[in-house]
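Shown below is the structure under consideration.
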Amino acid sequence: MSSQLGQLFRVATWGESHGPAVGVVIDGCPPLIPLGEEDIQRELDRRRPGQSEIVTPRKEEDRCQILSGVFEGKTTGTPIAILVWNKDARPEAYTEMVTAYRPSHADFTYDAKFGIRDHRGGGRASARETIGRVAAGAVARKVLERVAPGIEIVAYVKSIRDLWAEVDPAAVQTAAVEANIVRCPDGEMAERTIECVARNVPAGLGEPVFDKLEADLAKAMLSLPATKGFEIGSGFAGTFLQGSRHNDEFEMREGVVRTRTNHSGGVQGGISNGEPIVFRVAFKPTATIAKTQQTVTREHEETELAARGRHDPCVLPRAVPMVEAMAALVLCDHALRQRGQVGH
Amino acid sequence: MSSQLGQLFRVATWGESHGPAVGVVIDGCPPLIPLGEEDIQRELDRRRPGQSEIVTPRKEEDRCQILSGVFEGKTTGTPIAILVWNKDARPEAYTEMVTAYRPSHADFTYDAKFGIRDHRGGGRASARETIGRVAAGAVARKVLERVAPGIEIVAYVKSIRDLWAEVDPAAVQTAAVEANIVRCPDGEMAERTIECVARNVPAGLGEPVFDKLEADLAKAMLSLPATKGFEIGSGFAGTFLQGSRHNDEFEMREGVVRTRTNHSGGVQGGISNGEPIVFRVAFKPTATIAKTQQTVTREHEETELAARGRHDPCVLPRAVPMVEAMAALVLCDHALRQRGQVGH
Amino acid sequence: MSSQLGQLFRVATWGESHGPAVGVVIDGCPPLIPLGEEDIQRELDRRRPGQSEIVTPRKEEDRCQILSGVFEGKTTGTPIAILVWNKDARPEAYTEMVTAYRPSHADFTYDAKFGIRDHRGGGRASARETIGRVAAGAVARKVLERVAPGIEIVAYVKSIRDLWAEVDPAAVQTAAVEANIVRCPDGEMAERTIECVARNVPAGLGEPVFDKLEADLAKAMLSLPATKGFEIGSGFAGTFLQGSRHNDEFEMREGVVRTRTNHSGGVQGGISNGEPIVFRVAFKPTATIAKTQQTVTREHEETELAARGRHDPCVLPRAVPMVEAMAALVLCDHALRQRGQVGH
Amino acid sequence: MSSQLGQLFRVATWGESHGPAVGVVIDGCPPLIPLGEEDIQRELDRRRPGQSEIVTPRKEEDRCQILSGVFEGKTTGTPIAILVWNKDARPEAYTEMVTAYRPSHADFTYDAKFGIRDHRGGGRASARETIGRVAAGAVARKVLERVAPGIEIVAYVKSIRDLWAEVDPAAVQTAAVEANIVRCPDGEMAERTIECVARNVPAGLGEPVFDKLEADLAKAMLSLPATKGFEIGSGFAGTFLQGSRHNDEFEMREGVVRTRTNHSGGVQGGISNGEPIVFRVAFKPTATIAKTQQTVTREHEETELAARGRHDPCVLPRAVPMVEAMAALVLCDHALRQRGQVGH
């Protein structure tokens, strides 16, 4: 399905940027998990534009409402519907997009696929679609607290252009990341790489073949808007190493099987090995730019286009909670699958 | 499901390295597609070890048998079962693996997940599992000839260590790739990056949100053994560019909407735009090495392990057809899904 | 998934009887289908209680809102979210249900399964859950008009207690059914059998094995509240016939392959044969009765219970549109699947 | 998918009557379940024709082989492939079927759907397809012994024509059923109703909405060849009762919540309540008859057809293990799903 993810913890998002609302339905959530709108709102606030003067100026409140599946502060095991109204929709600002295809946006491909397109603010292809993901990710985190206690998921900016941050995946804390939001000095600036670590994931999550844990993480990350790459552990750089240096030798540490190095990134043969799961996601530069660009119209006439309307010169403050949300969704689903098949 | 992939063209692989056989069942294949065992055998021969003296010396014939779903040389629309016997299994060669976990293999994680493991030659985690994928990929190619004629899928070695090949994705041919199999001079040598291009993919394949075409490709590639990364179009390097340089401007060419550049890698907003789909897959160095390594046993005692038994110093000749097969499976599934939802 | 149905035309319902709202998300709907809220409202009005003085007295407006997936009066191919607010929720009326299990309701089993239960008005087990089904069914009918033109789906009361209606499935019209709503003279009266016919279904819909058309219809019908049985064609009565009388001989009629009889009920080997698809669904008597009943509490103490609150002495006017909606969902999904796999 | 069933315990069958083999792949089986070929063979022997002189005379050995997923007598958690060769295929016996459509078989509908058909002995529509189901059902029973100990699944002939057996679902044993195989005195005799009971199913299996336990049972049963109806508990006859008589009042019995009657058939609101699950399946008379019948050819010319080749005058000895197998598959899948979502 286009807009569904997960096998046991299944998420279905819906909504267009300038329609009445966006939302998500979560099917398969375990019962008796404490959950309130504030748990979800906290994560939505992290992804919300308007946190600083440089990100997109549209004032969105993005107040979530839980419409089902929660009773007296606890999940009931039935579908959880979460809705956020689109309060500040101004479709009149996007008249040019009706006909001219914005380069490196989804305008042309939606038309090619469906023969119709909600052109208002990008419609379904808008970053607002990710509200449903982040809301669902907040629920997944609550579930993980119950079924795999101790899991910590932290994402952060690893690189901007050619600057690389020195971050220790084994120790980085959310508070430190939040305290130091990277500012974007330039609407034309390049995008970057987000690194994410999931610590204390129990060994045994994932599947041997197609649903390898890294495969499902890769899919989840590449399903985020503007992503162009995914790597886990040693990643692309690991292709330069010899096998004898790349292998992660095992040892006993405090009574637990551990690896001395973590080139594997916490996953071996598709299954978590108890080490921190470390992966990186490449985001392309924002496609919404001020400069006039060459393009064509729906009627296949060449034309020029200058960007207008709501846009995001910098997606950084959003990308971090998005990546964390997708990681939480994947880990939650696999934790429930493991419990279903193996019983623990 | 652990061992299933695809929504309409659904593939289920089975089999362990030293069990009686490996195989695949394909459900949802369109009817009336010409298909013979030779179509599948051709691709299996490309992935088979033993093609040169340097790859794994086990003599595998890997003769495939079609057991169902084909009648008088054509698919019938019912499940296609394909089987390959494991003729040269020598389980006695792997006694050490019974107890000691091979570093950077799946021995430990399988035990952690399932509490049991077929230790003979890696069992399910062996590269022989990919026989089913390659066989199914051969069928997918035949289907694509019918439902999306003209699609060409070609993969090739893009880099070995720090050497990068100069290849034009818009023109590279399978014959050229096959004529020049890279030899692996060293059992300790580093793995590499495979690049794959799919040309003439019609605009419109893929989905807007979770099942973006690049997301499904990323999952398919990261589900292959020994992969550590995936990138499409500009990939990780694109994070260094400015948006104004990264955007692919549209123009009309021979009456068709085309882009002037292809940083997007043929996919925008999750949907193919008609340009060549270009992606790269990072393979880690082989984990099977001659050197003695530190590790632990099932009983959690530290020990040393020297590799023995059947092993592959170089997976290169296999990786190319594997990557192509997975690409074919993803494209075939999306082509059928597009026909189902949109009608063309 | 608990609350999802369909492979290509996938429906996900959500909502409890006395929560803020109920709704449905439809994923995979073809694009460019004309659709307005009035198309959905028409079907919702048919299922709504309050149409006559004898059905449940709660005044529900059940006004639907389309929140996504429709643009300028046409579907866009993205998820369609439909919401209906619960305007008249009066949870205080159900205090007894907090502890005492109503016989033959889902109170006990929800507690047994989830350990928690939204006891207000039956929560998720309320008939209000079917609002989402009927709304989705209305969309499915619109899709069928496009992909399988001419399909007519008509359900009607076949029997009440031991009275059987004389209806010709080949000719019965919705108008005639609607004109003659069966009144329910007695809050204690027995439930009945609904018969449904789908005419002009093209030959070829369905699947050979598990997803036989009759199997998916059976599942869809048995997923409706209060259903206890399903039969197609000759059904249970057909077990009394000899094979030579039961077989439907083929003949040519107006250039088309037809059967002389239709004991098969329009489906053979799991696949439609072009004849009218005729099936019957058994509904049990309503479990909400005025009489005092013996039961137990959550704390496992025996007690007595007298029904109170909103209840439906007669579900008849609801059952007919519900059965039609579920039939439309199944046929729409199979029509898209057939187009996906076979191309027509 | 056409040939797949189940969400966590997923079964994929394949094979045609006169192809080389038939089989099944089970994905998602829990690890460490003791399993040998004899466990499967026992069930296959129960469904095998040739057990008495009156059933189909073809001598099939139907020896199963486990090809993967079992190691040292225990399941490993990876896919279990089971294969049975078709040893006695005589395709030449079916030449007439090449062109003439057998009435009330799947010949015409397969052609209508796929445009091609393996006409040898019914191909995919043959009863041999159910070998894979029965084999998988045998595995499901072994899993249920572990995850829901004490479950007993017993099916038996409830009626032949208008004769109804007096059987107590709460007490009937497999041994008694097997000891008294109903003989079929007449190749033209009518088919019958099979009743099945599943005892000691824990309360809490099933799902609230679409995947109600009775809905999945109905689908599973209607997916069996020659079935025309399904009813649970009071079924169609229950429509004659008043609600006050139909309701199953609760009481405490030996410290457990029980119902005084079982009109619900062990399922309320889609979820098991701990009482015996009792349902009935209607089988149509065999469509393979000796009498000459009117029919049409592939070329749409009217013709006459007399049945030949392998055929089953009586499917009774097969239907019983088939029904049990499908019940086991559904219960096993729901038991694992419950463990996954709820944790017990």
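Which chain is which? They are A, B, C and D, in the order written, and residues in each are numbered from 1.
Methods note: contacts are C-beta pairs under 8 Å (C-beta built on N, C-alpha and C of every residue); 3 or more make two chains touch, one makes a residue touch a chain.
Being a predicted model, the structure only gives us computed values, none of them experimental.
Engineer: What's the farthest chain from chain A if centres are computed as the mean of the Cα atoms?
Structural biologist: D
Engineer: Applying the document's contact definition, name the chain pair with more C-beta pairs in contact, A-D or A-C.
Structural biologist: A-C
Engineer: Let me have the rounded angstrom distance from the C-alpha centre of chain A over to the C-alpha centre of chain C, please.
Structural biologist: 37
Engineer: CA centre of chain C versus CA centre of chain D: separation in Å?
Structural biologist: 25
Engineer: In whole angstrom, what separates the CA-based centres of chain A and chain D?
Structural biologist: Centre separation, chain A to chain D: 43 Å.
Engineer: Pull out every residue in chain C that's touching 2 or more other chains.
Structural biologist: Answer for chain C, listing residues that touch two or more other chains: 1-4, 7, 13, 28, 31, 77-78, 113-115, 124, 208, 342.
Engineer: Which residues of chain C touch chain A once you look at their complex with the stated criterion?
Structural biologist: The contact residues of chain C facing chain A are 1-4, 10, 12-16, 19-23, 25, 27-28, 31-32, 65, 67-69, 71, 74-81, 83, 113-118, 123-124.
Engineer: For a test of understanding, state which residues of chain C touch chain D in their complex under the given definition.
Structural biologist: Touching chain D: residues 1-5, 7, 13, 101, 103-106, 108-110, 112-115, 124-125, 129, 159, 161-162, 188-193, 203-212, 214-223, 225, 227-236, 238-244, 246-252, 255, 257, 259-260, 263-265, 267-274, 282-289, 291, 293-296, 300-302, 338, 342 of chain C.
Engineer: Provide the residue numbers of chain D that touch chain A in the complex, in ascending order.
Structural biologist: My answer: residues 7-8, 28-31, 77-78, 147, 208, 336-337, 339-343.
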